[in-house]
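Just below sit the structures, each encoded as structure tokens.
Next, two complexes with chain A in common: one pairs it with chain B, the other with chain C.
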Partner chain A sequence: MSELSVVGKSVPMIDAREKVTGEAKYVSDVKLPGMLYGRILRSPLPHARICSIDTSRAARLPGVKALLTAHDTPKVKFGEVIADEFPLAVDKVRYIGDHVAAVAAVSEDVAEEALELIEVEYDELPVVDDPLKAMDSDAPLVHDVERNIANQMSFSRGDITQGFREADEIIEEYFETSLVHQCYLEPMGSVADYSGGRLNWYLPVHIPSVMRLTYAKTLGVSADAIRVLSPFVGGGFGSKMEYAPHLICALLSKKAGRPVRIVNSRVEEFLATMPRLPMYITLKLGVKRDGKITAKKTKIIADNGAYTHYAPPILSTAAMRADNQFMLENIETEAYLVYTNKMPTSCFRGFGNPQMTFALAQGIDIVAERLGLDPVDVLLRNVVRKGDVTAHGWYMGSCGIDECIQRSTEEAGWKEKRSPRGESVTLPRIDSTGTNEDKRRGIGIATCVHVSGNRSFIKMFEGSSAFIRVGDDGKPLLFTGEVELGQGSRTIFAQIVAEELGLSVDDIRVAMLDTDVSPFGLGAFASRTTTLGGKAVVAAARDLRAKLSVVASDMLEANPHDLQFAGGAVFVKGSPERAVPFVAVATRAVHQKSGSPVIGEGSFTPDNVVIADPQTKFGNISVAYSFGAHVVEVEVDTRTGKVDLINYVAAHDTGKTINPMAAEGQIEGGVAQGLGYALTEEIVIQNGRVLNPTFLDYRLMTPLDLPPIRSIFVESDDPVGPYGAKSLGEPTLIPVAAAIANAIYNAVGVRVKSLPITAEKVRDALRNKGN
Partner chain B sequence: MIVPQFEYLVPQSLQEACALLGQHGSKAKVLSGGSDLIVKMKNGLAKPDYLVSLKNLDELKGVRYEAGTGVIIGSRTTHNQVIANPILREKYPSVCAAAATMAAYQIRNIGTIGGNLVNAVPSADMPPILIALGAQARIVGTAGERVVRVEDFFLGPGRTVLGQDEILAELVIPDQATTGSNYVKFGLRRAGALAVVGVASSVTMAGDVAKDVRIILGAVAPIPMVAREAENVLRGKKVSDDLIQHAGKVAAVESKPINDIRGSAEYRRNLVDVLTRRSLKAAIEKGHV
Partner chain C sequence: MKIDVAFNVNGEEYQLSVEPHRTLLEVLRNELDLTGTKEGCSEGECGACTVLVDGIPVNSCLFLAATANGKQITTIEGLVKNGELHPLQQAFIDQGAVQCGYCTPGMLLTAKALLDIDPAPSDVEIKRAIAGNVCRCTGYVKIIEAIKVAGQQIANGGKA
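This part shows the complex of A and B:
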């Protein structure tokens, strides 16, 4: 590829205008003729036996068109890894918010009123909402599973005993991470329309093609009986996967014989969706005097909640992924996934990686201080380089972690600002109340590694496919199996098509996914869309170009291989003055085949990835690995513990940045979300009850709370990714909380090892230290 | 999350509004900005049969100055109007600054200063600074008008001295003599956060002697609380860092905070101590009018 004209340029999102003007249609805008409104009756108790459900009064309410209890639903448990959940609770409820019954009615009001008329008798059971207590032998059982352990794993590399024997310093620390919600703008929901013996389903989700298969199985129908349509999606961050209310919506539609819409309220989002797994991590590190890590031993206990979604692979990610940024030799890890009477937990940007990175990147900071070294030097002493294969079998085809560390620290002024702890200077700044003498500043760093796709996640295949259809209007229309959730994939793909065909982005249209038309795609997870989907789009565009070249070669009386596509035209290389417009070539091609569109097809199947061994977790699972280094400067009020954010620098190895503006958006969004994780966000649960199910006390960062965020792109030019591109979506959040914790320690010499690092916790730590 | 059915009434005068409230009694609620009331209705915490909207009562809007009386703020003045008002910006920037700590921009465009008082939540941001400045509430009812100190306006969480047929019409901040004042809020983020603790103080200086001192604590008692003991530490004394420090400690001891999701009682006491010191220091040094 010579000079790029569209790829690598900051192009506005192709759907930005539709979204900001409100024209874009989300699932809550879908309104079909005769559509009913569904509501779900949820358990008010964290753990109870269902003795009886009486829907007769609700059924008599005018306007109620269908009622569902477990009696009406298929007795097929669903669950992607461990099937342990029915669409509606059978016999027992396991968390506040568990699905008990459902109603479809002519309006939301009537549906709501009907719920109040459903009478359920419960027999309360003892509650366990702490995963550490749940493992006690006398703890109440959430499912019929010994000590509530849903899943466990252990594996080792090298010789851990020898590793610790070689160490000059050994640290052992305990960390806790919190239950946080993805807080996408658009709540979860769907519109199901059972008609003509077929289910047409508007599903705003990450993996529509795959969920169609899963849901067909649960509903007991063949896949062709379901058509999934992807509307605009208002963000997902990992959350919008298999979800009982989708099935409930479909079953209500089937029973009522009318379309049904169910969309969560925000309170329901906080009570009964799938937030991030809290993890309780014990980390032991051995290091040589020069900073070389000789051994890493980890024990993780993770809170699964009441049902299992993707927590097992998330736990295995936490157990090993962060290791791969370093050349470690001796590793021992054990991990447990534990049921509790809380909402189920599952995927959230980072997939277990932020939890372990919170521990490991602090571990590095702690050993650096112990050894009297700069943590930057300890990082550089251990990081992977291009061509390395890690202890877990990951092959680094490209690697810019060292450059990320160097450039982020340089940009942030690390050398000048990083004072040895305890020597922080009094600040020049005076705030509105003139209390500068109480404030201290500090700076911290954390790094990360992540995948670009994960061969082990959905096992049927790895790869992607796309096709591009051009009709006589000459405007390419791209169909891909991948999904736009707001991350910008349609724009990235349009840029790629425009690049390959010498058109501008405005000429390209990208279809929304429709399983009747679009290729089967694995979907948006593991930050795979640009890398794998992009490769397929490149292939489809080149196939289309080859087909059009044949037609254009006739028009130009030239060899097809000598043609160039640029500036909306086709011409013989070196002779742009004798060009034919792209649209004319397309029209000619269509007319030659009596109106048939020209279709370019492409797929990409990587040959260097494997499904990791289920026991040892060993194997190269991703086509490319991406890296990041974050450096943050904080100011801590030593009297109140309040942490203010002064400056943030995030360097990411993107391989190649296809759209810098979109990539900056990813970084700023990921950092903001990570800062909430670090400092303010937490679903607080007491006796199984959520105490803060609204945005008032579930505190997302506001724009006013954010520091200036500077993005640095390190372009390591991956040999596999399209134009060298790798992933970016998830890595942007992964190191944030650890970087903050390290900066706070640098400022005031206290380390809060449990998330979120609230002002009160910092104040407590300062007080315990004797401030 | 659906607002229940209600009848919507739009009186054309304050008298008519009071009459409607008298007529419908506890079944009626006053709608001003609605930023609290409508949310309560959506959550099923308020189920009025009648909403009496004040939207046509322009006499309740705006800020004016009357010599001999002081600055008069209509109860329907929105928070953003308070923040931008030139009279307040000149005379009581601390009132503007307190309003600016509230909620978020969009909510400050509809929420009103009167609503912030009548809603009477313990963490409300406007009462402490108004009490510190000795503000009074003009209340209109079917029987006529009466005036109470904002300090005496609150009875408990969600409860005020307003009778069934009464409306909070105006707030009056009397003229001050060389008084510095401010409101220091500790929230858990910079917008959309309720006060974990709020401290307002006003100090009238004569040379280096604090002639008069007011210290009002928010979110640490059922109603905005006057820290009388702490005031006495400084009142009539020559100010010093030690004395200010002592006043903070005393305020912390007399505060009556609770444990909740935003902070423990112990942490709140600590914040009262720190914030009282910071507020006093600033009020002594800055912002005198």
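This part shows the complex of A and C:
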């Protein structure tokens, strides 16, 4: 590649101006003529039979325009992997917040009042909210599924017995991860407008094109009867996928014959959306004296909640993904997904990978100490390199994990700061005055691997497509099937178009997704957008360039292959004076075809990925793999257990960083979320009831809690990714909690193996150690 | 029963009859169509709905519209003056302080209130000022940077 002029530059987000002025329209800002306001009656009980629902009083309330119960909804279960949920609960409710009935009214107030007039009689059932207990043979059943096991998997590589036999040291540890919420700032919602026999649907989601198909099936209509439009999306982090209230909104609109808007309250967000799967992980590792891992055995039990969304592939990810950063040979894994009377759990940045990485990266730290080695050396002894194929069949076309480890430790001062100081700590007297003598510093490291797209997740195809339309105004308008959620994909794509056509980013517009116009895109998941979407955009831009070259070659009397696009002009290579403005070429092209726009089309289908075998999970699922190494320094107050964050360094192998400022934003945001996961965030549930459904009681990191975060980019130049680029969005969160746990251990010699690592847990661990 | 109120929003006078329980957020968004102000939690905990009332940042989801009688209110729509972005808005764009954008209007108004008092706040002062405005995307790093840059520009004679 010759020198790049736009790609690789810190270009501001192309939609930032609309956002700083308040012009950007999110779904809650969509207000259509005659629009009604929908509300959902939710179950107050974690597990109960529905004996009767009486909506007659609500129906008589002036202003109520439509009411729905399960009688009015299609009896088609939806669910992407295991279809086990109706739009409104049939016969039984399975968690507090389950959808029971719905109303559309002329105002939010009337809708709210109507909910209070709906009478539901329940017959309470025994509750199970602990996945470990849910697997007991006498546990209450959430669905008619034996031992509440929604899904299970087991697979092995090599010879696990031999692997442990070869080991000089063996450790076995148990870890628990927590139920955490994505806490995107914009609550979930939609606006549905059933008119003219068609459903126009404003859906702020990750996978609009795919959800259109899923929803058409549930609603019993053909896909062409649904048009999905993407408004601005106020954050997603994996969450905004298939969701019963979207369907309820559409059904209310159909029944009322008017547009309907349903937007969650924040409390509804905490009660009845799809937070991250908690996992209960037993990890056994065997290692040689030199740090080489000889065997890894894992058992995972994961909490599915009451209905199945994407938990099966998330569990599969937890079961194997983290392995692929190392050259392991002998692996045995079994994993169980278990129903409970809690909200369904699903995707959240990292997709199962942070859970297992919390265990595995601590496992590395534990074996390193046992062997008297530096964990950095243990990591470097085991990590994959370019060209390797892992035990699970993943091919590493590019790999910068070793460089991530080296540069992050160097930047953080690992050698000077890492010492086995944990050992000597004893608990100071409780009446101590709180001087610095009570505080200990420590430093920890954790690494990760992640995909850039995942062939096995949505199975219809892998790849992406795009087209660029240029009219006589000469301004390219890009249509892509991929989705902007705030991560900056429109800006990245605009940079690519500008690069390929020799224009500036200001010249490029990127359309919001509209399924009537845009390509079918799989959407924003598996950190696939830049790599796969970007490849398609490159192809579309090159197609457009080729078409415009033909026109320009006439204008310049030159061979189309001798033309170059740069600086807003098309010119003959080596003769910059023989040039025509890009706009003039576009205008000529459009006029030659009596006004038809010039369309550049492009698609990208990776040829080296497969759907992993459903049983063995073996296969190269992604076009490229990304890596990261995080090093964090903490200071622990030995009296209170409080952990202060001193310094954070995050190195990521991005392949090629297309927009450093946006990429830093991904790292800083992902690390901040990961720190919340590590230290403070948890949805606390007792007897099926959420005890902390507010931002006051669900503690996010504030700017005062966060350390300085330094980003390092390792550019391993992937052979497939656009300009060498790979994924970044999800990896930024994956190693954080493990790095924190390792740093705390290094500081005070106690290891808290359950998330979140609260001050109380650290203090209790210190007391137990002191005794 | 409704209550008559008169207040000024972004330089324009409004006379309205509002129900006593109506919040300022609801009136701004639903009656005046000023949808730049966002609702994130409706419990005063996330700051997405922040507007300035007589120059002081308030959570408009907790602020009853009736109590805004006689007040000067600034919303995100009032930050652009004569077609020019406020230095904070420009700095948020330039420094990459905007991702999904949902917290941005409230964050900008909180930052404006801070810089109106002191255009050269310390890092800790900035962090304290925005601690009530949740941003889930950025980790706050670039927001803090943008506020500093805007403050410098204002101190150097840029328009506030």
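Heads up, the rule we're going with is that the second predicted complex is superposed on the first by the 757 of 771 C-alpha atoms of A that agree within 3 Å, B and C clash if a C-alpha of one lies under 4 Å from a C-alpha of the other, contacts with A are read in each partner's own complex, and residues count from 1 in each chain.
By definition in this document, a contact is a pair of C-beta atoms (placed from the backbone, for glycine too) under 8 Å apart; a residue touches a chain by one contact, two chains touch by 3 or more.
Everything quoted here is computed from the prediction, not taken from an experiment.
Chemist: Please work out whether A:Met661 is in contact with chain B alone, chain C alone, both, or neither, and reply first, second, both or neither.
Modeler: Only chain C; A:Met661 stays clear of chain B.
Chemist: Under the stated touch criterion, which partner chain does A:Asp554 make contact with: chain B (first), chain C (second), both, or neither?
Modeler: In the superposed model, A:Asp554 contacts neither chain B nor chain C.
Chemist: In the overlaid three-chain picture, which partner chain does A:Asp472 touch, first (chain B) or second (chain C), both, or neither?
Modeler: Neither partner.
Chemist: Go through the superposed model and pick first if A:Asp130 touches only chain B, second if only chain C, both, or neither.
Modeler: After superposing on A, A:Asp130 lies clear of both chain B and chain C.
Chemist: After the superposition on A, what does A:Tyr184 contact: first (chain B), second (chain C), both or neither?
Modeler: Second partner only.
Chemist: One more residue to check, A:Ser265. First (chain B), second (chain C), both or neither?
Modeler: Touch partners of A:Ser265: chain B and chain C.
Chemist: Check the residue A:Thr758 against both partner chains and state whether it touches chain B (first), chain C (second), both, or neither.
Modeler: first
Chemist: Taking the superposition as given, does A:Leu696 touch the first partner, chain B, the second, chain C, both, or neither?
Modeler: After superposition on chain A, A:Leu696 lies in contact with both partners, chain B and chain C.
Chemist: Taking the superposition as given, does A:Gly486 touch the first partner, chain B, the second, chain C, both, or neither?
Modeler: second
Chemist: More chain A residues touched by chain B or by chain C?
Modeler: C
Chemist: Could you give the residue numbers on chain A that contact chain B in one complex and chain C in the other?
Modeler: In chain A, positions 265, 695-696, 702, 704 sit in both the chain B and chain C interfaces.
Chemist: Spell out the part of chain B that touches chain A in their complex, as residue ranges.
Modeler: Listed in rising order, the residues of chain B that touch chain A are 1-2, 97, 104, 182, 184, 186, 188-194, 261-264, 267, 270-271, 274, 278-279, 281-282, 285-286.
Chemist: Okay, in this complex, where on chain A does chain C touch?
Modeler: 10, 12-13, 15-26, 28-29, 31, 182-187, 232-235, 237, 265-266, 485-488, 661-662, 664-665, 668-673, 694-696, 700, 702-704, 706, 709
Chemist: Any idea which chain C residues touch chain A in the complex?
Modeler: Residue list for chain C touching chain A: 33-43, 45-46, 48, 75-77, 79-80, 85, 89, 92-96, 98-105, 108, 124, 126-128, 130-131, 134-144.
Chemist: Which of the residues in chain A end up touching chain B in this complex?
Modeler: Contact set of chain A toward chain B: 108-109, 112, 265, 267, 432-435, 438, 639-640, 642, 680, 684, 691-692, 695-697, 699, 701-702, 704-705, 758-760, 763.
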